[in-house]
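Chain IDs A, B, C, D and E follow the sequence of writing; residue 1 opens each chain.
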Amino acid sequence: MLKTVFNVIKTKHIQTNQGLQCLGPFTTQACKFSNTSQLCHSEKQTHEEKQNISKAMKAYLDRAREHDEFMNEQNQEYQLGKRHLANMMGESPETFTQHDVDNAIEYLFPSGLFEKKARPMMKPPEEVFPQRKAAEFDETGRPHHFLFYTGKASFYQVLHDTVQHIVDLNRFEDAMIRKGMRPDKDQKINLSGYQWIDKDSLEAKLVETIGDKDYESFVQAFERLCSLPYSYKVKDFIMEYRKPLMSQTKAHDAPKPQYDENGRAFVTTYECLRKSARGDVTIRSPGTGKISINGEDITYFDLLQCREQVIFPLLFTNMINKVDIEANVEGGGSSGQAGAIRWGIAWGLRSFLDQETIEKMRLAGLLTRDYRTRERKKPGQQGARRKFTWKKR
Amino acid sequence: MRYTAALFKSKVARPIPQEPVPFQEILPLKLKPAVSGKGDRTSEVCCLQEMSVMLACFKKNEFSQQLCSKEIDSFQKCYTGHLATKKVKKDKEAKGVLTPGEKQLSSKQVNTLLKKFPNFK
Amino acid sequence: MILRNLDKKCLLKTLERQFANNYATVTEAAKESREEFKALNLKHVKGQVVQKRAPRKLDVLPPRSKQMATDQDWGNVWPGPRTFHPSTVPLPIRQGYVEKGAPPDKYANAELMKIPNFLHLTPPIIKRQCEALKQFCTPWPKNLNTQEKLIENFPIEVTTSNYCLSSPSIRNPLARIVTLTIKVSSLSLKGAMDKFLRLVGERYNEKTDILTIVADRCPLRKQNYEYAMYLLTAVYHESLKVEPWENLKSEADMEYYNWEKNASKKSIEQIFGKPVEEIPNSKMYAEAVSNLMNEGESDYTIAKYGEAVRTLLNLPKTA
Amino acid sequence: MLKTALVFVSKRKLSFSKVKYLSPTANPQPQEKIQSFRSVEHDPLKHTYNHVGQFYNISKEDRNHLFNYGGLPKTYLTQAKTFNETCVMIRQPTIDVIECLKNIDYAKPAVRFVIYGKKGSGKSLSMAHILHYANRSNFLVVHVPWVGNWMRRCQEVSNSDTKEGFINLNVDAAAWLLHFKTQNSHLLEKEDLKIAQDYVWSKREKTEKGSPLLDIVNHGINRIKFASDCVVIIADEIKKLSNSGVCKTLVAIDGFNAFFYPNTRVFTEKKEKVHPHKVVITEAFLNLTKNDWKNSAVIVTVDEIAVAEEDQISHMPRYLLGKEGFEHLDPFVPIPMENYNQKEFKSVMDYYRDRRWITPYPGQDEEVSALSANNPYNLIKVCAPL
Amino acid sequence: MATIKTLFNKCQILKSKTPLLSTFIQQNGMSQYPTYYINPIYKKDALEALIKSGEDQNLKHIPTRAALNNQTCSTAHDDLVNLFVNYVMKDGLKPLARDLVAQSFESVKRLQLEKYHKCQSEEEKAKIELNPKTIFYTAINNCKPILHLTPIKRGGVRYQVPVPLTDKKSEFLSMKWLIAAAKEKDSTVRFHLQLARELIDAANNTGRVIKRKQDLHRQCEANRAYAHYRWS
């Protein structure tokens, strides 16, 4: 708020061609004014300039006009280019859609660049040029929004709304308590499965850049609001700033099983990794519980712990005698290999199980890939963490 | 004989003019807007009664626990209860949450209060 | 005709606009210069800066693409393969990635020049060129109408790849690799098959009976092709050779287990006390033993062997 | 004559078993009847394919008689001690061999059986079962508990006097003679086993033609110096006796492939490795496993454990025997020793539960089966802490 | 009034761990997993209990850590035994430690079965516990001390002050003593055998470990006068 006032004063100075020396004491004086007096001060100034538009305003209007012109020109160019392209490809320009344009460009300028955004493209200018914020003040330079001088009007508007809701709800709760009513338990807002929208999307939503601390206070304010007993009354407002979480089990779809020559369903999971072991696991569905690892039975693992790991998912899902397992693993030690197979079996078993059991498997930590690895040794140390024995001399 | 003033000087009973001790302001002359948490540590001693009862029972029964199960139970119950209350209290104090009407405030709570109503300079 | 006229009109209009624009800028500049007072600075005092004359800008003609008609014959504009040229291509294409803002446009865009383009091979042009080429083609031989016949008459199949990619060079080193495949049965090797397979090693696929030779050691495709053909010829003739020392092999040198020459035969002759031909079931036994030896031990061959022994020695079979 | 003797023996056993069978009926215990994993038949002569997967009890006398000096694996022995009984499962390959033994034409040259299988699949116990059968059906049993004990863990090494460049393992040979003696005590005491040749040991010691075989055995045991030679002579004599039809012989050798595995741990005084064929007692058993004699059967097992660890690649007989060994035994009947099948596994688990060895919990069988891959030895290991 | 209530609610939220993601964030040291990952619930019955209570709905969107490689859902698997294995372990030789504990369980069974077969009557037989895990649990439970002594300096003098033990600590001590007792033996006796004997003894409330515990209690009793010295 202060800053803008300061700016206004500054412009005034320049206009009146006063010396810069007087700026210092003047501003300090302004700082000591109370809020109301400051507002009066600035208002007076705007009244004075009402007749001719301020220079900033003029510049803004010029820019806006220029932008419109530019966009218009681009649009015309695009339309012309589209007709040309249709002509090149030997098709009718009237029925030539954006999809055709994309296909034609891909055909004419084949690019193997990995980043799709960096490939050649021909898009309507609305998609190419980023959007701009519209004017937030009228022609006299008077802002539309009462929080304009905070610099982040829409962000503070959101916070303001939140607090307003909190106040309202508290009042409402008091009223209800006086009436002897209790909040409805069934309507209680269920926030599991949702997350606060992240900082980037909040910025995009508000068309403003906000800092990390701002985002933190945003989250805090909303959590405060959610914790109120009657928060369900403002559910729509809350839900505007929450995004649904993907259910963990639904994040990866189980592949449809294929059928081999005996008519048995099978699913192969490739790239089963754990530590430095890697392997692939095939599960065949009507089976008798045969397990073969690199062509041997489960005694491929000498350690009982490794064997237990291999049958863990089968035991967990009660599929131990219902499927056959074939696994190939290489690299790493026995525990790593067993871990890789365990993950492969669990991952492949999803194709033969219902959603409920898959969710259970996920909770049991079978579907998470264990990507923990050995921590490297550091120079100047004995190991990853251990330091050399300290010696005085 | 010549008298030197210097010899007489020491016998003069005139008090040596003492300079007033200058005041040094080592710390600012005002109270801090916060308290340290030193005084918060409470005594760990708990369940002394139960313990002595249990030990007496032990002594009576040649330290076999089966015969003193009642005493042991009461002792352990007391101790676990003590730990639980301590934990709750600690959590609360760590956060500095103010409970209205509370008489004994922890340092954190006092600090939050002081912060809420600061001194004017 | 009318269209062209229209085009001309458009052109004129654009020219007009440009002139008008130019004029406007000139007058504005003049105004500005008129307004500002130029002080005389004879002694070259530091604070006063002598205004330098702005370098005159060369008049650049507007890009050619601005004058193109939308129904032109593109084949005439872009007749052959050529690097991308922004003023010739009437498309507002863009390439590149900027974190905030629009991607760079086609002017002075090196990326667009780097990648290959098919502007000379648009579908209508391909069609036209094919039509033109048709008169020089000979008809497909009538008898070569099925895949089997093709393979029978031309058993050798040579595969090469051409690459098209965005890199500074249009030559891909992988393009030189020549892969030659042939069905071994079409070579008519009879006794020499074993030797041939030993020479060829892993290049032979037992399931499909196909030999694959990959030649990639020479820098040029032609050389690689010749080398692959040479290899095939050499291997073929080498396998047909019979060396004089081959008749002097002892039992340990044999590639295969031959039951007739081995101790197994003697031992059953000793058991039964008569020559092999008179022993019942000896043939089955001989087969089982040689299978066991040649194919290696497995549960199956051992079981077969056990069965043969049981029938030979008249023992009850397993339940 | 022999036949009648056989019949007599079997009759005796029959009555014996009847008495045993009667005892539980006298004071009925309903629990024992339900136990399907326990065989009703404890006489190996009467075991058929119907009894496969059931446990039968080796009586204490038989066990002391047959396996006092080896023949049962160590793990099994501790297990038997804990369970307070010597129960062996009747396995399908064992019955297979027994059926074959019953049907062999003993007038023809010896038939050789080779039992093979993975480590811990029950080869030795199967051999023990066969030995029990052979003992009951009055075979002269020539049993080597474990050849590996000679070739890889020999007690004492000395140069042979009788044969140039050969090695004697006298202590081991004497131990074997004792084992042989106890196993065949009832047959050796009979008069008809007589030697066909004079043997001069030294100037004073001499065994005359016509003296009983037991004399040589005793001589070997008493004069350890000659033990190795005694073994060779006994082998030779047994062959002659069998050929003449005086007795029926069963040769059972556990870990037979050690006789053909050159990387032994027998060393001469100069620390040179000794090939098994340079050991005197090897000759005796290779002689016994030839097929140039009648009235006999040969059962050997080949085992990975009998060779050094770096060579334990496959459990198949051709690999383990090598070319030489294969040609020595060819044609033989391979008997595969498989892991437990479902029925056998169930029976074992029931037996363990009956013996209070494992605490049952739901889903135990499937889990243990998967963990042990149904391998008998692994099963013991897996069940141990349960 | 309502504001006060919100404050209350807030601290209750922090206590009950409702599934607000931000409340799940905890310190996890140098763990390679992100902070909000939850530990796996790999035991079947624990999972059933969770589902019955409806808590699982809250965990639906929170990722789980992978189950460790010594965790299974088998009924034979036991957390306390696993912990014991870890205490037995030296230099990270887990397979060896696990083997030792398994062997000692086997020995426990063998020793108990030996007694079992010696018994004449059914009642005596029924009295003998054959499940090694039960024996293990009772042994651990019997060896747990209730108090221990801590040296505390008061006025320049070190007093041995009896202090109550938490459950975890006393469990640790009982396991440690059992292992120490099993290690204290002739070099001819195997560790697992000695451990088995100690376990059986401890389960019967006799033996060296029980004596050690009682000695500690005796000392505590002797020093009970200092109890009020704890920390003040």
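Criterion: contacts are C-beta pairs under 8 Å (C-beta built on N, C-alpha and C of every residue); 3 or more make two chains touch, one makes a residue touch a chain.
Values in this document were obtained by computation on a predicted structure and should not be read as measured data.
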- Item | subunit E and subunit D - chains in contact with each | A
- Query: To reach subunit D from subunit B by way of touching chains, what is the minimum number of steps?
  - Reply: 2
- Maximum distance between Cα centroids and subunit A occurs for chain D
- Query: Does A-E or A-C have the larger number of C-beta pairs in contact?
  - Reply: A-E
- Item | Geometric centre distance via CA averages, subunit E-subunit C, whole Å | 64
- Per the centroid of Cα atoms for each chain, what is the distance between subunit A and subunit B, given in Å? 49
- Message: Quick check: how many Å separate the C-alpha centres of subunit A and subunit D?
- Response: 74
- When the centre of a chain is set as the mean of its C-alpha atoms, what distance in Å lies between subunit C and subunit D? 66
- Which residue numbers or ranges of subunit D touch two or more of the other chains? 363, 367
- Task: Would you pick out the residues of subunit E that each touch at least 2 other chains?
- Result: 74, 102
- Item | subunit B, residues touching no fewer than two other chains | none
- Task: Let me know each pair of chains that touch one another.
- Result: A-C, A-D, A-E, B-E, C-D, D-E
- subunit C partner, complex, touching residues on subunit D are 49, 92, 95-96, 99-100, 103-105, 108-109, 111, 291-292, 314, 316-319, 327, 330-336
- Item | Residue ranges of subunit A touching subunit D (in the complex, touch as defined) | 289, 291, 297-299, 304, 307-308, 311, 314-315, 318, 320-321
- Query: Residues of subunit A touching subunit E in their complex?
  - Reply: 166, 169-171, 173-174, 177, 191-193, 195, 219, 223-224, 226-229, 245-248, 303-305, 308-309, 311-312, 315-316, 335, 338-339, 343, 359-360, 362-373
- Spell out the residues on subunit C that touch subunit D in their complex, using ranges where they run on. 262-264, 267-268, 270-271, 285, 289, 292-293, 297-299, 302-303, 305-306, 309-310, 312-316, 318-319
- Query: So in the complex, which bits of subunit E are touching subunit A?
  - Reply: 1-3, 5-6, 9-10, 13, 19-22, 32-33, 39-42, 44, 47, 50-51, 56-67, 69-74, 77, 94-95, 98, 102
